[in-house]
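Would you mind keeping the following structure in view while I ask a few things?
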Amino acid sequence: MSDSLLEVDGVTKRFGGVVANDNISLLVPEGGIVGLIGPNGSGKTTLFSSIVGYHPVDSGTIRFGGREITKLRVPQIARMGLLRTFQQTRIYREMTGVQNMQISVSQSSLSLRQMFSKSPPDVIERADHLLSFVGLFSKRNLLAGDLSFGQQKLLEFAMALMNEPKLLLLDEPTAGINPTLINGLIDRLLRSNAELGITLLVIEHNMRAIMRLAKHIYCLAHGQLLTAGTPDEIQNDPRVIDAYLGGS
Amino acid sequence: MSSVWKYVAYSGVIAISVVAPWALPAYQTQLAFLWVMVLLALTWDLVGGQMGYTSFGNIVFFGLGMYVTAVVQRNMHFGIEEYVHVAGAVETLTPQEYITGLFVGLGASGIAGVVLAGILGACLLATGMRGQYFGICTLGLGIAAGELASGWEYIGAGSGLVTPVFPEGLGQRGLFFYYIFFLLTLMLFLTLGWLYSGHFGLAINAIRDDEDKAEAMGIHTTRYKIIAWCLSAFFLSVAGGGVGHLVGFIDPTEVAFAGATFGVWMILMAILGGKGTLWGPVIGAVIFHFTQELFWTYLFGWQRVVMGAFIVGIVVFFPRGIMGWAGDRWPERFGHRTTG
Amino acid sequence: MGNILILIDAPIFTLQLLIDGILIGAVFALAAYGMALVWGVMKIINFAQGEFVILGGFVAYWTCGFGINPFLSIPIAGLVLFAIGWVLYRLIITRIVEGDLFISILATFGISILLQQLMNQLFGADVQTVESGLGTWFLFNDRITVLQVKVVAFGIALCLGLVLSLYMKKARLGQAIRATAQDSRAARILGIDTDRVYGATFALNAAICGVLGALVSMTWVVQPFMGLAYTVRSFMIVIVAGIGNVFGVILAGLGLGAAENFAGFILGAEFQTAFVFSLLVLILLWRNSLLRLQRRYLQ
């Protein structure tokens, strides 16, 4: 489809004898929010890693914005505007929140001068703005490693926004977040999609969260694509319920 | 620290540095070496402390520079063969010849260092060698360099190389080299200060904190790694060239590629003072150099044993170093804020 | 490269180099086994491995100075190094286990320097050797000489390897060690005192090195600054063979011994050390490029 920002076509990934991803295909339309669900061990994070180039795939192709990226490496793909957040939340622990944001500026068009000079005021301004957006402005000068887990997750999200990606792969964004704050996080995700135009592909275990977020959902089980559809269809699909309740 | 006090402190340090060799003429050579130590610590910290790539082989550039300067200077005025073996008095150069030869040699050393760093960077850094393996690989390089130099006749093999005698008419040798090393180190310090305060500093810190994350955010990690290493190499090579001339004699394993001494000390000094900070390596080098002199005077051979114990002690019990400790103790002054 | 021609003209030399190389190779293999043990269990690369070996050699040298039978000095060296290993573990290693990798490299490196210099101060910088009192076998019309003590050392090293393998499989502590190596958290949950296991492993490795050192002092020489070369050899073997691969470690050890011997002959004795360290760099570059194909990194 010509308006698909991301096309995953028949991707297979094996680790030793285990087939983590078996012939997975999915599409993410530009400007959309797509969900990826499935029980633990179904291959969701592996698929993310395959997409961003973290490991080579055994077969299949991946296209981003029309370009084939199957054989490209992580930094190249990231500079094309395809970012991911990590399940275990990765940030630069020994740097302050602001510094984390400063270094998360888009690196694809960095001139030699910019490489060596201080961050210009508009970058700092944007960093402050995004930190406010996620509610971390008051903590911006603390070391990132000193923040709580939930705060680090928000920082990681803000850093991703700072990079102005076209497509953002979020790996369980609500995991470990205080339940009272989850709705606020979902709101921010929806706003980043609506206002900043960022396409989202989200792995989630929290069903309520993903039903609010996504317009289209793919469900994986045992490394294979089980089914796909709208949130309503997925919710009522007995196979999906089976996959979660039936165990491995 | 407020700006006024900062300027006062900096001016004070510079003033003392300029005056010191005149005030303490008997210690000129030791003071000259003090600056070399500061340089060793700062260059190591750039790659090791700020960027997280523990190199055990930076000495390679130091030794390379030492030999390159000597060979270039020699070939400019005399045939190399005349200086290859330690053999009594050698021809002396006129002050002009000495200086031109020295500076051309130092320039050549700088270039050679950058070229070697570029090649090694392409083999090690660009291909993604990290952590312990990078450390061990550089260790192997450092020692292999010394062993290979010990076997190469052109540069004197195991017997080493003698550098030209410091000519009459240029004043005291210690004084002359003191200022060379002082200016070189000052240049390094200012360059690093500038780099660390900008985007480059953030990038290498990001690489240190989480290189995978940095790559996932699109940062050109390879570029930064190689630039950092080349920068270190440049200053190390030039310093090496100078040291060879200050000492007067280049021995492949004891002086040039002295991995077991200089190579380890540079790491120790940076950690002692606080790695990953601008002033840490400086403080560490100063303390280390002075204690080393004391140890040598009172302990002789046992000095090295104590050094070994020192390394273990610092690394295990005091890994954050002085600046790290200061940053924890007085976070507002030296470290990071603990409240928003 | 006239030396290569000598090998071609007189193939009997090749056999000599091969035999000598393989005999010392067993010692390298065992030292690598010990290093792999500590590495696998505690995730620490013991940079002082070579110094443990040399220290064992000097302990043997020292005890033989009192007229004790050289073969008795082997277990003595083992016991002394076991004790030293245990003390080092309690004082230092216990604080760096499961910690920063950078710290562990430097700490063990610091220990290696400490031991080197200590031996230098106590025993001097000269090479020392221990007279074993054994003779020489002459083969192939006296063209090949095989020192009997080297064969004995080879045998002892291999036996030691066998005993250790059995111990790891059958003995309770051995099994505890293997469990901790696989998953230290799980081991702890199951009631294994991981601290004791770590200490035992580290001390055991030191003891192995002690025994090997005594053998080295009898078959070759010891000198305070030879340690790093042994550390590097062990490391190379572990890298090439992999941590769990005992057979591979033996093969790689024997191979390295032979390769080194040939290099020493062809390039000249003064380049033998350069060969060892250059080989290290090459092996690391090779392993790194292999991993790069899978987009993994050596770290």
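When the chains are written out, they are named A, B and C in that same order, and each has its own residue count from 1.
By definition in this document, a residue touches a chain if its C-beta (ideal position, glycine included) is under 8 Å from a C-beta of that chain, and two chains touch if they have at least 3 such contacts.
Everything numeric in this text was worked out from a predicted model, so none of it was measured.
Enquirer: In graph terms, nodes being chains and edges touches, is this line, ring, star, complete or other?
Expert: Graph shape, chains as nodes and touching pairs as edges: complete.
Enquirer: Determine which of the two chain pairs, B-C or A-B, is joined by the larger number of C-beta pairs in contact.
Expert: B-C
Enquirer: In whole angstrom, what separates the CA-based centres of chain A and chain C?
Expert: The separation of the two C-alpha centroids amounts to 47 Å.
Enquirer: Rounded to the nearest whole Å, what is the centre-to-centre distance of chain B and chain C, using the mean of the C-alpha atoms as each centre?
Expert: Result: the chain centres lie 33 Å from each other.
Enquirer: In whole angstrom, how far does the Cα centroid of chain A sit from the Cα centroid of chain B?
Expert: Those two chain centres are 43 Å apart.
Enquirer: On chain A, where are the residues touching two or more other chains?
Expert: 54
Enquirer: Going by the contact rule at the top, pick out the chain B residues touching chain A in the complex.
Expert: 194-195, 197-200, 202-203, 205-206, 208-210, 212-221, 276, 336-340
Enquirer: Name, in rising order, each residue of chain C that touches chain B in their complex.
Expert: So the residues of chain C in touch with chain B come to 45, 92, 95-96, 100-103, 105-107, 109-118, 120-121, 225, 228, 232, 235, 268, 270-271, 273-274, 277-278, 280-281, 284-285, 288-289, 291-292, 297-299.
Enquirer: Touching chain A in the complex: which residues of chain C?
Expert: Interface residues on chain C, with respect to chain A: 294-296.
Enquirer: Flag every residue of chain A that touches chain B in the complex, lowest number first.
Expert: 52, 54, 74-75, 78-79, 83-84, 86, 90-96, 99, 102-104, 106-108, 110, 114-119, 138-143, 146, 159, 163
Enquirer: Under the touch definition given earlier, write down the residues of chain A that touch chain C in their complex.
Expert: So the residues of chain A touching chain C come out as 53-56, 73.
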